[in-house]
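In what comes next, subunit A is part of two complexes: it sits with subunit B in the first one and with subunit C in the second one.
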Partner chain A sequence: MRRLLAPSLILAATLAATPPAGAATPNDTLVMAWNLDALITLDPAQIAEVNGNDIMRNVCDRLVAFDMKDSSKLVPELAESWSVSADGLTLTFKLRKDIKFPSGKAATAHDAVWSLKRAIHLNFGNAANLTEWGFSAAKADEQFKAVDDHTIEIKLDKPYPPGLILSAAFTANVASVLNKETGEKNAKTTDGKSDYGNAWFKTQSDCVGPYRVRTWNANDVVIIEQTDNYWGKKPGLRRVLIRHIPESGSQRLALEKADIDVARLLNSDDLKGLASNKDVHIEQTLMHGFTYLAFNASDPILSNPKVRLAFRYLIDYEGLGKTIMAYRGAPRGSLVPIGAFGALDEKAGLPFKLDLDAAKKAMVEGGYPNGFQKKLILSANTPNPDLAQHVQANAAKIGIKLDLEQMADANLFTKMRGREFEVGLIGWGAGYPDAHSMVSRHAQNPDNRPEAKLAQYPTWRSAWADPKVNEMAAQAMMERDSAKRIAMYHELQKHMLENGPMAYMFQTIRPIAIRKEVKDFAIAPFKVAYETARK
Partner chain B sequence: MAVTDVSRKALAQSKLPPWAWDAWRIGSSAVVTLLGLLALTFFMGRMLPIDPVIAIVGEQADASTYDMVYKQLGLDKPLYVQFGYFMRDMMSGNFGNALFTGNKVSDDLMRVFPATIELATIAITIGVSFGVPIGVLAAVYRGSPIDHFARILGLLGYSVPTFWSGLMGLVLFYAVLGWVSGPGRLDVFYIDVVDRVTGLMLIDAAIAGEWEVWRNVFSHIILPASILSFNAMAFISRLTRSFMLAQLSQEYILAARVKGLSKWEVIRKHAFRNIAVQLVTVISLAYVILLEGAVVTETVFAWPGFGRYLVSGLLAGDMNAVLACVLIVGTLFITINLFCDLLYRILDPRTR
Partner chain C sequence: MTAAIETERSGLVGYLTAEVSRSPTQASLQRLYFGCRRFAQNPLAMVGFFVLVALILIAVFAPWIAPFPMNEQNLQTRLLWPSADHLFGTDELGRDIFSRVVYGSRITLQITCLVAVIAAPIGLLVGTVSGYFGGWTDTIMMRLTDVFLSFPPLILALGFVAALGPGIRNAVIAIALTVWPPIARLARAETLTVRSSDYIAAIRAQGAPAWRVVVKHVMPMCLSSVIIRITLNMAGIILTAAALGFLGLGAQPPMPEWGAMLSTGRQYLLGSWFLAAAPGLAIVVVSLGFNLFGDGLRDVLDPRDE
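Up next, the complex of A and B:
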């Protein structure tokens, strides 16, 4: 027995002798906890998820940036100025003369043009930021031209309103300026097709920006550090360390113990628990995304606008906003998010409230006074099941029987993209703060035929198209008078509130919990500016 | 019995030495088992309604991008062709790329598996150090408070969800008492301080002579390892107890006592030696189960280990990653079985 007990005792002794863990993070480092499960690439041409986007916005500057105080306004970044020709078909960027890559090599218009063409040739999802505006692989050489080291000339196929195309294409990941030399040196060719250094840029960075990627261990940690030779203001903190802590409770404990400075993935309960903690501040940002119910209009009952209208009266926007959706979403019924160019104001954007009589009335007008039975599919992740049960309970009161089916996200997306649903509870994020970002996907539907397979259009997924709406959206997009353009979007939103194939419920809130030691951390919907933070 | 007969016959005919026959028998059954395992996992995995393309292109991608990646991944080919490709690549040691991390599967495994080995090894050490003595004591003092304590411990070990015990452990030992470090393998101060040699951070830190890092790693690993060991301990102590009880009721125990041996001498030299073989099996099994990774513990403690890797791969429909993981788990089980077989021969004279 003694032989067996000995190791146990040694172990117990070691355990007791372990010194207390040191708290507080290094003074020159911002330590942020997040869930990095979805991060698969750091290549700006390829990033399709929120972590990579957030990080790389701090690593690679863009030609144009959003004003941190008002995202619907644009400010110069790598391009110090721009101009549009009289016919509206040529866009000219003047690049800053002092921009350099981390190595010290000057960054030029040739690098910028190469980066733009690269995104189109690689043709990942992000290429749509450019191809949507008429740019294409075949014509890229004529469309993007470096006139000299500091001038880029861009040929447009239509005279888009400058604010729109700048915001949609030239603030995006694809408008980062990567080092052409690094890209060409590390390019790999398979089957005669170059990867433009994609394999290299997946895990490393060489672009103009305040930070560079130092380490990325998948599902563990990303470390970025300050670059020398940066043209802009030096970051307040030398390093930013993003730790993968996938569990909310663990993040909260680490934040309270000051082992991390910033927590990015806290659930409502933990945020409520932290609300009274004086060492922590919770910054809530209204994002340009939604939680909504989508209806499949190929279903004879759900194709009826009155039926869809009834659902809008079944949601207790205010009550849910204070409970289940606290720190997650703000009530919003219109499809253009608050903060975007052309959005209806808060009041006009939510003309509905929980009103069973109004819902019943709409059902009678729609011809279904006795209700019907439908299936509602949703993600199993919180808070979706709670939201769905809420809708289910209220629907039952007016005779609509909803059967809930929870599933993994990937599965839900597949079903929605394949039109294999009746009612779906799902989310969407707008790409840029202009009404067109949502309208082009959630109102317009260029081709409603099943064989068109326009799965990137939620309208197509809902098998819903309205020629009048398509026309209104097309006109609003091309209107170059801002005031007129806003009015057109307002009219379109009002029309969609009554007739659209979605019932929008909440505009996404992004809560970020920050320790009080961290100061001046600037946060906007489209950028969390690590470089502003200081301790 | 039948196998032994056949083996004797084959042996007589082929005139091979016995070890060669054993090696062939074990080797071939291992290969068949692994092949079956891979095929089953592959086809079942592909039947899951999860689309790996979405994980790559994003939910908002258009159909042409989607189709392009769909073809790149070879998903347009019939299932058996896809499986054939996988087997062909695997034979040349190439597990392909993991879609959900973007890295080579082999690189990923080199990273996540050591994290799990380190955790599992410490957990099983704790589990055995406590589980075996508790089991023995519970059997010897059957019905006494020690026995009851062991039973309650066993019950808790089985029934307390790791998610809860992990978080509570963090609250108590990390947040309130400050005895241990929080989630992750290392404090931010120490990241990248020690060169990676084995991937086992305790060993790497020791090699580098960085004892401060070593202490930090230890203070990070001890809590998740203890939480994990709890379940293993319950399993081991319960089985130790019942093995021991079976021995203690045997007549040879009585005979030994009558011969004048002391109680503990009988237990140590006779009873315990007799259950050693069974115990080795139980402990090996517990160890392999720990090596498969523990998703929940890894999640709560932000441990970049094998369990989470496997589950993330599965949820993303990433068959390259899943199959490589399954291959590892399968190989582990077969190896441990083999190891137990060999140990039996050494520990139990009757098998010689």
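Up next, the complex of A and C:
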């Protein structure tokens, strides 16, 4: 009875209409406000959006994790160690011996292998984390093997640099260790195909980790609470309650009134308003994502690298960074984000600034001294219209007439994926902190033919391919000497700065506003660790 | 009594107030004159009238009234509070909001006029033809009208804009498509009352073709109620245009369309309320003006109220 009563009281206290005064969140609970609109699944093999990823990284541990202090370093999590064979084709994980599922049942290599194969067989978008590295449904049984209860042997098709494949594949959601027994018990078979418990895992959890999913009411609340048989340190707070509050203004008010501890969706204006509030501090994290202008190189004018170069001089990196993009983005011109392996430093990565003379010069060199007219498509969400209008105003000064067309995100993505644009303002997030994550999509283009339909490659969307860049990227990816690899990526980035089909504007910043009662809330680009928070 | 003396005045006023008019021109001028006098006696209608005159003047003389170019950006002076330099403050890109509101009046006026010019003739034609001919023509045309009427106007406009693509021209077309059906209904009702009148029978007996009867003798009878209707609709048109702009489907940036400005201003509501307040106020004032003006016009033109 007590076990039931306590959570329901807490629920009532936090979810009920805001009491007039003296609201405070329970001492053992972290209350976080977010927009949960996009949350459609909690199955680690299926998660494709920010909320689910953020939550499940706290619910399910991974084989390998990023160092919370430095995301370009890897640390053991469920795997206590790993080794690579001399030929580089076999990767062996040694699992911890003390890992248990919340029920108390020991988690073994068999569960881990089942979870990996499951992701490949289910073949949601996430499976790409594995299939990109040569893993496939047909060969999965040979590629993933549980040698004994604590050893996993993985066969690779090429000798990839270990750091690269570990961070790209084995830190991802697909590298969670789910309970095979639960999955098989709840599996549903339709048309002879098993769903590997997908229907069950969509709303519940049974994996090794500090928390488990307790409740999820769509567009209302997600509650996770600590598990009993966790191998690691007990979470500082028993429970995390994530409330769906989709407006920035409401989140700000709730945070100021102490109805919530953490606000995840605040716009620049509200953050600026909160900056002077002593009860709140704002944690800004530089994410591995970008806002950028993409040019369609199948357009005769935009295929000219000098023209694209001119656009880079039309962006007021500094002015926008301090105003419109405050708390939202840091100026960045190079395609590899700061914090990733192989990134150019801040200065070398931003050789451009607002310079109308340089832009004009590039236009003259490109053969368009009198400018031209193009259409720029963009999302109607802030701050995109502001950014676009700013570029438009600067472009007008050197004779480029840009017509803006705002649209819903879904339309924008469809148009860009179909190459139906001239200039587009859009965003991209890298999956792991290695230069290859961006380079493989934003520099390499395996097949530029229109019928190839490589819509997941922004280079293909821009109808841009450069055999020399493809070659450089392929070599850099396979280089096993770190110093050499870094040098190769630097060279590639410098080449792309001048010639690439995108003008990168800002590296995404994730602002999180936290009340002062909450301490030790650890935040890194790829993980927001609820478990470290305490009050 | 002074009134008795005044009945015999000469000159223009005498011409306009004469008890017996001597020519058709004098008769129509007299009607106009008395109409204007009745309109002028209604203070609210005059308020509406002055708002419209002000709107037109502001739109025409925008470059002279606005202290700054509408798209001049300056990130150093963004989100400034209202002051002597910037009457309504500056927006998120440092543009003067007062100048933008002033230029925005051009867009609003342009949209409303274009919609009226497109929708009124369509509605009038469909309504009169349908009412005059009756039978199958009537059934088909009125069911078509019903189809349009069965959707809420904003939803219908949204649908059309989504299909045609965002932009001012498409917004005008979309709004016009939602405005004509009620006008057609009205014109049909008016037509039904006049089609069996003696004068129509007389014209037909003289051998006038149907189109001539409709255009020359039915349409003029419907005109006054259509004008009233479209004037009263203007407020709705402005609001629909603003709503489309608000949703990013109307005028595209950087055009200072009021609805779009309001939508941007919403992001800054807690810190800089004037971003939303200035265009919002402009929308309220202008749509109120059109409503008052339309009401006054109905009092004058609608004979049933006498």
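Here are a few things to note about the model shown:
By definition in this document, the second predicted complex is superposed on the first by the 514 of 535 C-alpha atoms of A that agree within 3 Å, B and C clash if a C-alpha of one lies under 4 Å from a C-alpha of the other, contacts with A are read in each partner's own complex, and residues count from 1 in each chain.
By definition in this document, a contact is a pair of C-beta atoms (placed from the backbone, for glycine too) under 8 Å apart; a residue touches a chain by one contact, two chains touch by 3 or more.
A quick note: this is a predicted structure, and the numbers were derived from the prediction, not measured.
After alignment on the shared subunit A, the placement of subunit B and subunit C results in a side-by-side fit free of clashes.
In the superposed model, A:249 makes contact with both subunit B and subunit C. Within the superposed three-chain model, A:267 lies in touch with subunit C and out of touch with subunit B [touch as defined at top].
By the touch criterion stated above, A:49 is placed in contact with subunit B alone, subunit C being left untouched.
By the touch criterion defined above, A:294 reaches neither subunit B nor subunit C. Of the two partner chains, subunit B is the only one that A:223 touches; subunit C does not reach it.
In the superposed model, A:29 lies in contact with subunit B only, and not with subunit C. Once the two complexes are overlaid on the shared chain, A:116 sits clear of subunit B and of subunit C alike. Touch counts on subunit A: comparing subunit C and subunit B, the chain ahead is B. After the two structures are overlaid on chain A, the closest C-alpha atoms of subunit B and subunit C sit 6 Å apart.
On subunit A, the surface touched by subunit B in one complex and the surface touched by subunit C in the other have residues 249, 407 in common.
Partner subunit C is touched in their complex by these residues of subunit A: 248-249, 252, 267, 269-270, 272-273, 316, 319-320, 322-324, 380, 382, 385-386, 388-390, 392-393, 403-407. Subunit B meets subunit A in the complex at residues 49-51, 54-63, 65-66, 68, 99-103, 108, 111-112, 125-126, 129-130, 132-133, 136, 167, 170-171, 174-175, 178-185, 187-189, 191-192, 215-216, 218-219, 222, 226, 264, 267-268, 299-302, 304, 308-309, 312, 315-317. The touching residues of subunit C, when paired with subunit A in their complex, are 71, 73, 75-76, 78, 92-93, 165-167, 247-248, 252-254, 264, 267-272. Subunit A makes touch with subunit B in their complex at residues 1, 4-5, 7-8, 11, 14-15, 18-23, 25-26, 29, 31, 37-38, 40-41, 48-49, 123-125, 127-128, 202-203, 215, 217-221, 223, 241, 243-247, 249-251, 253-254, 256-257, 259, 407-408, 410-411, 413-414, 417, 428-429, 441, 453-456.
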